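In C-alpha cells below, several structures.
Both complexes below contain chain A, partnered by chain B and then by chain C.
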Partner chain A sequence: MCVVVGVPLWWKTTTVYRVQLPYSEIADLNTSRVTFVVDFTVTVFDERFDAQDLSQFANKLKESLDAAGKVDDRLHVEYRGKVREAYEEELLLLRQMRSVEVDNTVVDFDHELYMAKLDSDNSEYTFTVLPPSKLDKAVVGKQRVSHLPAMGDLGSLVEPLSHLLRHVYINEAAMLKTFLWARGARRTQPDKESMRAFRSHPGYDVTFTLMNPQPDLLQVEWHIQDAVDAYLGRLLKALSPYADISVKSQCVHYTGLGIRPVKDDTRNCYKLKHEKLPHVINAIEPYLSSHVSNNPSLNFIVYVPSRDQSPLHITDANDDLSTTDAFLSPRWGGVLVYNVATPPENATYPHKVMLDMRRVMEVFVSQLRLLLGVNPQTASGDVTVLQPGNNIISEWELDQWLCGRCLENIASAAATLQALAQLLAEIGNIVINDDIGHEVQVAVSAIKKSKEFLSLGRLNDAFLSSKQAIISSEKAFFDPSLLELLYFPEDQKFAIYIPLFLPISIPVILSIMSSVKWLRSKDEIKVKSE
Partner chain B sequence: MAPSMGLRFLLSSIIFITLNVCSLGLFEDEFHEELFIKPLPTGHIYTHFQFTTTWEVELRRKDEFLHYHLFPKALGEVLAKFSVQELHLTLTQGLWRHEKWGYPLVDAPPGAELWVWFQPGTSNVNETWTDLINVLSGMFCASLNYMDAKNTVCPKLSFRPRGATSGWFSKTSTHLLRYAALPRENVCTENLTPWKKLLPCGSKAGVASLFNSIKLYDTNYHSLGIHFRPVCTNSDCTSTSVELSQTLSAVLEPTIFNHGRQDWSLKKLFGRMIGTVCPVAQTSTIFVDVTSNKMSNYQFTLNPAPNTVENFRRGRTEHSYAIYDIRQFTERSRVLDLSAKYNQAITYSQVAPPVLYVHRFQTGSGREKGGIVSLLHNTHPSQDLVVVYMEVIPWFLHTYLHTLQVDTFTAEMTHIGINGTTLKPLHLHYVPGKDRQRPYHLELVLRLPAKSVTRLSMQFERALLKWTEYPPDANHGFYVNSAVISAMLPDDTADYVALPQFSARISAILSGNESLSGRQFVNLHTETLLVMLPTPDFSMPYNVICLACTVVAIAFGSIHNLTTRRFTAVDPTAKGLLAKLKAKLPFLRRKKEGKEKGASEGEGEGEGVLGQEDTGQSEATS
Partner chain C sequence: MSGSTKMKLFLSYLRFSFICVILLNCYASGQEMETMEQFFKSGHTNNWAVLVDTSRFWFNYRHVANVLSIYRSVKRLGIPDSQIILMIADDMACNPRNPRPATVFNNAHQHINVYGDDVEVDYRGYEVTVENFIRVLTGRLPPSTPRSKRLLTDDRSNVLVYMTGHGGDGFLKFQDAEEISNVELADAFQQMWQKRRYHEVFYMIDTCQAESMHQKFYSPNILAVASSRIGEDSLSHHNDNTLGVYIIDRYTYYALEFLEGVSPDSKKTMGQFLQACPRRQCISTVTVRTDLFQRDPDKVLITDFFGSVRKVELSNNYIQLDNIPLTIFPSQTCDGDACEKDKGNEKRIQRGPRMQYADPFPVDSYIKGVSVSDNSRH
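Let's turn to the complex of A and B:
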C-alpha cells in the first residue's frame, strides 16, 4: 500500500517541471550550413556584342563565381545571375549621358536608371556594361547598380565583375568573420573592425552630450534637434525597419575630463595624449547611463574645453595634432573636442557661443557608421565609389550591413540556444516553464526561416526573422525563472543529512571492517586446513 | 444628507484644482534655485532647498522628450517611457513634529513615499507601476522595488493631482493612481548623490554647494523630494509645461553646538558658505522667515542685511520674508555667509500647537492582538474641520472594520476616553486586505468639531508569517505606514504658508495674488508604528533535525550492535588485550599474581568470564 501510493506521490511531488525542448534541432542549427543566394543582372549597353557573346560571357561568369562561391564549409554564397541586353529605354538614358570624365553625369545616369525601375523592384544587383567612350573606370553607384566600361571583349569583364560582387558588394571575408565570431569560434583572432562595431542588437540608443565645464564663463548652445533631423534623419529612416534607434541629447555642466591635458608651449596649446584618451570618458560616464533601455548606447560627446585649457588638441602616437580633434572609443561612442574662440575682453559673462552643427555632425556621422558596423567604402585604384551623400548609407551598403547582421544574428541565436541547452542538460534541477519552451520554439523556427529566406535571396525577410530569433533566444536564456533553479541546493541537503548519516555510518563501517577481517581470516583457515 | 453635503464640499475643495497664473520667460526651459530658512519656536532651524525646473513641452507627446537642456535626461526618459502624469517621491529620515514645528512646505512621512498618477490611456497600470518602481529604485539607490502589490493602494480621496490636469482627472476614478510607502527605508548619502546629479549644476555651484553630507545627515529631520507635474504656461491654461521640483528639507539644531544660543549662520549650519550661483539658474534666492521678529521679544538681526524684506498677508496673519539675491552677494568672488544673531538668550516656553495635528500609537499587549489609535486634534476655537484620514495597514495585521470606533472629546475633558460622543464618518472607503496580496486600505472623511480631540481606533490580529517571509533581524519588528491626513485649513490659520498651486517656487508665495489668501491645503503624515509579530526561533528546524538524527543514530548504533554481535563464553586461559598489557608491566603482574592466589584458594576454579567478542573472533577461536 505504502509503495503503491507513496512512490508515485513522492515521484510526482519531487520531479522538476521541464518542458521538452528540441535539443537535436538546436544541435543541428549550430552545425548546419548557411547558404546565401545573391541575384544579379548584367545589362550590356555596348551594342558591339551580340547574343552569342552574351551567353558565352554568362557561362564564363557562372563558372568563375561557382568556383569561388564556397567560402567555408559553414557558409556558402551562391551567385545567381543573368546577362541581358539593355532595353530601349535604358539606351535612351545612356544617350542622354554626355561625356566621360565628369562625375556628375555618372551620378545622374545612376539615379535615372534607378528611377526608371526597369528591373522589377531594384532589389537585385545590376551591372551595366557601358561602351568605353562613356566611361573609363568602374563606378559603384549609390543604389545597387555598378557601371563597368567594356574595354576589350566581354571576357575581360569577368574578373572585375566578380571582384566587385565578391569583395565590394558582399565582402565575403568580413561576412565570414562576423559569422564565425558570433558563433563563438574563439580560434578567429578579433580584428579592429569587429571589435569596433557594436554587436547586432534589435535597438540602439544614440545620445549626444554637450559638455560645458565652465557654464559661468561660456553659455554654449546648439541646435541639436535640427542637426539630428538634417544629418541623421535619412539614415534613421533607412534603418528604421531593421533596428529601433532612438536619438536623444543632453547638456552636462561643470563636468570636465577625467585627466589633465599637457601644456605644449611650442604649439601654444594644450594636448590630450593618444594613450591617455581611454581615461577621458570615465568622468562623463555617470551622466550617460539610461535607466529605461537595455539597448547598447552610442555616446557622442562634444567637449568645449575650459578656458584655462584652451585650445585643446588631441595628439596621436607620433605627437602630431589630430586633424579632427575627435576620437572614437570602440563599442562606446565618440568624443569631439570643440575649441571655441576666447571671448573678447569686454564680454559679459557668461559669453554666448553657438556651435556649428555641421562641424559636429560631420565627425559623428562617420563615427556612427563605424560603430554601427557599416563597413567603410573600399575604394581601390580602379574602382570609384559614389558617396552616399545625405543618405549616409547607400543601398548596397545597407544590404551588406543587413547581410552581416543577419548572419551574426543567426549564429549568435544558435549559439545562445546551444548554451542554454547545455546548461539545462548539465543542471537537472532547473525548471523549464512553458514560456521558455515557447521562446525556444519560436527562436528555432525563426532561425530556420531566416536560413530559408537567405537561400531564396530574400535578405529583408531573412534579417527580420533573424532579429526575431535573437530576441526570443535571449529572452529564453535570460528568463528570470531559470535563476530560481534549485529547489534544494546540494550543500544544504548535505547539511541536513549529515547529522543522521554520520553517527549511523560509524558502527556500520566498523562492522563492515570487522566482517572483511573475518572473511579474510576464514580464507586463511581454509588454506591452512587444506 | 449631512454626509453627502460634507463630501461634496470636500471634493470641491480638494479635487478641482484650477491653476491660475504662471509666467515664464521666452526660453524653453528655466531653472530656479531657492533656499528657505525659518527659525522654529523650539530653537530648531528649518531649512528648505527648492530647485525648480520648468520645461515647455507637452507632457503627452513623448517625441518631445528627446533633447534635454536643463531638465535631467535620466529622469525625463523614465517619465516619458512610463507615461507619468505626476510623480511625487520623498525619502525622509526622522519625523516632522507638527505639534511643535508647525507645518513644513512639503510634508513627508518617515521612510520612502511614492505616489504617481499615470496618463489616461496607460494600458496596464499595475505593470507600468512595477516597472517604474524598479527603475526608480535603481536610480535613487532606494529599495523602492519593495513597493509591490503587497503595499500599494489606489487612494480615492487623499491624493488628487497637484498640477494642471485635463477634465479627465476631475472624475472620481483613481485607477490611474498608485500610492505606496516604505516606513523602514533608511535615507543617507547614497540617495543624495543620485538626487544631486539631477540638478543642472550638481552640487558644484549655487545653493546646492551647501550640501555637506556630514552636516546634512546630522540633523533632526531630513527629507529629499522629487515632485513632477504639469503646470499651466499662461493664465488661461491653454498650454501646459512640465515642472520638476527637487526639494531638500533639513531641521537643524544650532542650540546644541552654540552653547544654548539660537544664533546661526550658514557656516555653522552646513560648514560651508555660498561662493557662486548656478550660472544656468534664472534666479538664486535665499528667503528667511522673519515673521517671528514682530511677534515676540526675541529678535534676531541678519548679517549681511537682505536686499528687501517683503510683507504679505496670508489669512489674517502678516508674514514677512527677508530676501537675498545671491547673485548680488557673490559678485567679484565674494562669499555669502548669512548669519543671524539674537538680542537675548531665549527661554523656551510651551509652543502653541497648530490648528490640526495628529498622534498615532499602538495599543494592546501580547503578540496576538493589538490596536491602532489616532488622536486628531482640532485646536481651532470656532471652526469645524473636514479631514480625509487614510490608513494603509500591511496584510499581516488583520484589521476588522467592525472594530473601527471614532469618538470625539471636547478639549475640556482631561481624560480622553471617557464620555466621548461617537462621530459618524461622512464617508468611508475600505478595501480589506488579502494575505500576501494587498494591504488593508481605509479612507475616512471626518468632520472634527472645533476645539476637540477625535479618537479613532481599530483592532487588529497579528498573522503568522511563513518562515521565509521574515526579514533579516525579524525581532526588530515590522513597520506600519504613516497615516495621511488631508485637509483644507480655514483662512485664519496662523503661522502656515502653503506653496501656491501654480508654481513650486517659494517666490510664488510672495507673488501677492489675492485669490490665494483663502483656505490652504495641508497634508500631514503621522508617526509610523513598529509592531512586533510572533517570531519563531529560526534555528529550531535545524536543531530538531540534529536532535532527531542523533537519537535515531544512537538507537541505530545499539540495535546494530545487538543484532550483529554474538555473545559467547571466552576461554579464560586465552588472554585478552588487558591481560596481555598487564603481563607486560611487572608491577601490575606482581599485584595480580598475589590476588589470584588468594582468589583461587577461596573460590576454586570454574570462573566464567563473559566477554564480548566480535563474531569473527569468536568463530576463529572456536
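Let's turn to the complex of A and C:
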C-alpha cells in the first residue's frame, strides 16, 4: 500500500515541471541551409536584337548565374530571371530620352520608368538594355532598375549584369559574413563593417544633441524638429514597418569637450587630433544616456566650439584637415563640430546664430545609414550608382538591408534557441514553464516561415517573420523564471538530506535488521519442528 | 560534486584550451595584419563594468572602500555611469559611525576620497543578492527593470567584473545570508558567452582563497586575476584609528595606486597591471588565469577594460541632400532679396501640433486667479 501510493506521489511531487521543447527541430534550424530567391527581369530596348538573340542571351545568363549561385554550403542564392523586349510604352519613354551627352537624362528616364510601373509593382530588379547612343556606361538607378548600354552583342552583357546582380544588388560576400557571424562564427578578424553597425534590433533610439559651451555669448538655434521631419522623414517612413526608431533632441549648455584642442598657427585655427577624438566622447557621454528604453541608442552631437577655441577643426592621422569636421564612433553615433562666425564687436550678447540644418543632416544621415548597417555604396570605375538624394536610402539598398538583417535575425534567433536548448539540457532541474515553451514554439515556426518566404523571394514577409522569431527567442532565453534552481552542488544536496534522513534511517535500519533476524529464527524453528 | 560533472568540466576545459591553441596559431599566421589601424586593434566597441561588494556592516568598511576604488578608477578613465553596474551591500559613507560623513577614503591619511562627488549605486543594501547578480550577468531580469540596472552588453563589449567580500574555497559570501559558488559563476559567464553578451571579460576578485573563484571558468575570452591562492587569506592594508576598522584591502589598495597613474590615453598594459601587487606587498599570492584569454596580456592596453576608449572613424563621405527650406524663421544664410525669393517657394512641412512645456511656476495665473480672495494666510 505504502509503495503503491507513496512512490508515484513522491515521484509526482518531486519531478521538475518541464515543457517538452522541439530540441531536434532547433538543432536542425542551426545547421540547415537557407535559400534565397532573387527575381529579376531584363528588358531589351535595343531594337537590333530579335527574339532568338534574346532567348540565347537568357540561356547564357542562366548558366552563368546558376554556376555562381552557391555562395556557401549554408547559404544559397537562386537567381530567377526572364528576358523580354520592351513594351511600347517603355519605348516611348526611351524616345523622349535625349542622347548620352546631355546630363541627367538617365536620372529622368529612371524616374519615368519607375512612375510608369509597367512591371507589376516594381518589386523585381530590372535591367534595361539601352542602345549605346543613349547611354555609355552602366548606371544603377535609385529604385530597383539598372541601365546597361548594349555595346556589342547581348552575350557581352552577361558579365556586367551578373556582377551588378551579385555584388551590387545582392552583396553576396557581405550577406554571407553577417549570416555566419550571427550564427556564431566569432573567430574571424574584427572588421569595420561588423563592428560599426548595430546588431539587428527591433528598435533604436536616436538622440540629436546640440552642445553649446557658451550660451551667454552665442544663442545657437536649430530647427531640429523641422529638419528631422524634412530630411529624416522619408528614411524613418521607409524603415517604420521594420524597426521602431524614436527620435529625440536636446540642447546641452555650458559643457565643453574635456580635452584641450591644439593651436595651429600656420592654419590659424585650433585642431582636434585624430587620436584624441575618443576622449571627446568620454567627456560628453554622461549627458547622453537614455534611461527609458532598452533599445540601443544612437547619439548625434553638434558641437559649437567656444570662442577661445574657434575655429576648431578635426585633423586626420596625416595632420590634414577633415573635410566635414565630423567623426563616427561604431555602435555609438557621430559628432559634428560646427564652426560659427564670431559675433561682430558691437553685438549684443547673447548673439543669435542659426544652424544650417542641411549641412548638419547631411553628415548625420550618412552616419545613421552606416550605424544602422546600410552598406556603404561600392562604386567601381565602370558603374555609376545614382545617389539616393533626399530619399536617403534607395529601394534596392533597403532590399539589401532587409535581406542582410533577415538572414542575421534567422541565424541569431536559431543560435539563441540552440543556446537555450543546450542550457536546459545541461541543467536538469531547471523549470521550463508553459510561457517559455510557447515562445520557443513561436520562434521555431517563425524561423521556418521566414526561410520559406525567402525561398519564395518574398523579402518583406520574410523579414517580418524573422523579426518575430528574434523577439520570441530572446523572450524565451531571457525569461526571468529560468534562473531559479540553477545549480545545486551534490555535496550541498547531501548536506540538506542527511539531517533529515539520518535520524529516521537509524531506527528503520535497526528494525530491518531485527526483522531479518526474526525471520531467520522463524525458519530455524520450522526446521527444528520438522 | 559528482565525478561526471567534473569529467565534463575537464573535457570542456580541454576543448577550449585546444581551440585557444588553434586560435593562437591562426593569430600568429595573421601577423601581417598587425599593421591594422587603430580601429581594428581590439575587437571591442564599448566597455562595461560590474562592480560588486557583497558584505555589509561597519566592520566590513574595507570592502566598500575596495569597490569604490575600482568604481572611481573606471569612471575617471571614461566608462560612463550608464555602463557601470555598481552593487554595494551597505552604505559606509552615510553610516552614523563614520566620523567623516559622505566620504570613504583609501587610506588613513585621507589621501583619496573614493566616494567622490557622484556615486550612482545601482543595487544597494538587500538588493545585493546572488540572484540579482546572476540575473544582471545573464540578462534574465524582470521586464520592469530600468535600463540603469541592466547589463546591456553586446558581442563587442568588454566587461570588467570586480567582486569583493568574504570568501572561502569555492564560494563568495553574500551578506552573511547566501553564497555564490564558483560553478554558478562559471555557468553564468558561459551563458553570457553563448548569448554573445561579451567580447572579452576581465574578472577581478579580492577575497580570501580568491583563486578558487576563477578555477571553474570554462568560457573563452576571460582574463582572471585573484588576490590570493587557495589556502591563503587576503589581508587588509591598514587600520584607521578614527574609524576603528580596517580601511582597505591590500590587493585593491595597490591596484588603485597603479590605476591612479593611468590616464585615458595611457599605453600601460594589462600585463603591468597584473603585476601591480607583488607578494611582498600583498602578503598573499596574486594568481592570474590567462589560458582562456586569446590575446597576450602584455599587449592589451589597460584601457581596454578599465577605460572606454571608443573607436572613431572620420566621416569624410556624406550623402548630398537637396535643401528643403525650414520656413518658420528666415535662415541666416539668406538675406534681402534671396529671402523674399525663398518665401515664394516655401513649402510648409506638415506635422502635428507643436508641443509646449507646462509652466512649472504658474505665478501669473495664480496671482490673477487668487489675489481677489487672498484673505486667509497659510
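Throughout what follows, the second predicted complex is superposed on the first by the 476 of 530 C-alpha atoms of A that agree within 3 Å, B and C clash if a C-alpha of one lies under 4 Å from a C-alpha of the other, contacts with A are read in each partner's own complex, and residues count from 1 in each chain.
Methods note: contacts are C-beta pairs under 8 Å (C-beta built on N, C-alpha and C of every residue); 3 or more make two chains touch, one makes a residue touch a chain.
Here the structure is a predicted model, which is why all the values come from computation and not from measurement.
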Exercise for the section: Applying the touch criterion given at the start, work out whether A:V292 contacts chain B, chain C, both or neither, answering first, second, both or neither. Expected result: both
Exercise for the section: Would you check which partner chain A:P215 touches, where first means chain B only, second means chain C only, and both and neither mean what they say? Expected result: first
Problem - Which of chain B and chain C A:K248 touches, first, second, both or neither - result: first
Handout entry: chain B versus chain C, judged by how many residues of chain A each one touches
Key = C
Problem - First, second, both or neither for A:Q225, with chain B first and chain C second - result: both
Exercise for the section: Could you look at A:L500 and tell me whether it touches chain B, chain C, both or neither (first, second, both, neither)? Expected result: first
Exercise for the section: Identify the partner contact of A:I525: answer first if only chain B is touched, second if only chain C is, both if each is, neither if none is. Expected result: first
Handout entry: Touched partner set for A:L176, first chain B, second chain C, both or neither
Key = neither
Exercise for the section: Considering only the touch criterion stated at the top, classify A:S515 as touching first (chain B), second (chain C), both, or neither. Expected result: first
Practice task
Please work out whether A:G334 is in contact with chain B alone, chain C alone, both, or neither, and reply first, second, both or neither.
Solution key: second
Exercise for the section: Indicate the residue numbers of chain A shared between its chain B interface and its chain C interface, in ascending order. Expected result: 225, 286, 289-293
Completion exercise
Note: in the complex, chain A contacts chain C through residues 184, 186-187, 189-192, 195-196, 199, 221, 223, 225-227, 229-231, 274-279, 281-282, 285-286, 289-294, 296, 314, 316-317, 322-324, 326-332, 334, 353-354, 356-358, 361-363, 365-367, 369-370, 376, 387-390, 392, 412, 415-416, 419, 422-423, 427, 477-480, 482-483, 486-487, 489-491
Practice task
Using the touch definition up top, name the residues of chain A that touch chain B in the complex.
Solution key: 207, 215-216, 219, 224-225, 228, 246-251, 253-255, 286-287, 289-293, 350, 495-496, 499-500, 502-504, 506-508, 511, 514-515, 517-518, 521-522, 525
Problem - In the complex, chain B residues that touch chain A - result: 66-70, 73-74, 77-78, 81-82, 135, 138-139, 197, 200-202, 204-205, 276, 279-280, 542, 545-546, 549-550, 552-554, 556-557, 560-561, 564, 614-617, 619-620
Problem - Of chain C, residues touching chain A in the complex - result: 1-2, 5, 23, 26, 30, 33, 37-40, 42-43, 45-46, 78, 80-82, 131, 134-135, 138-142, 146-148, 150, 152, 154-156, 181, 183-184, 187, 191, 194-196, 264-265, 307-324, 326-329, 331-333, 349-351, 354
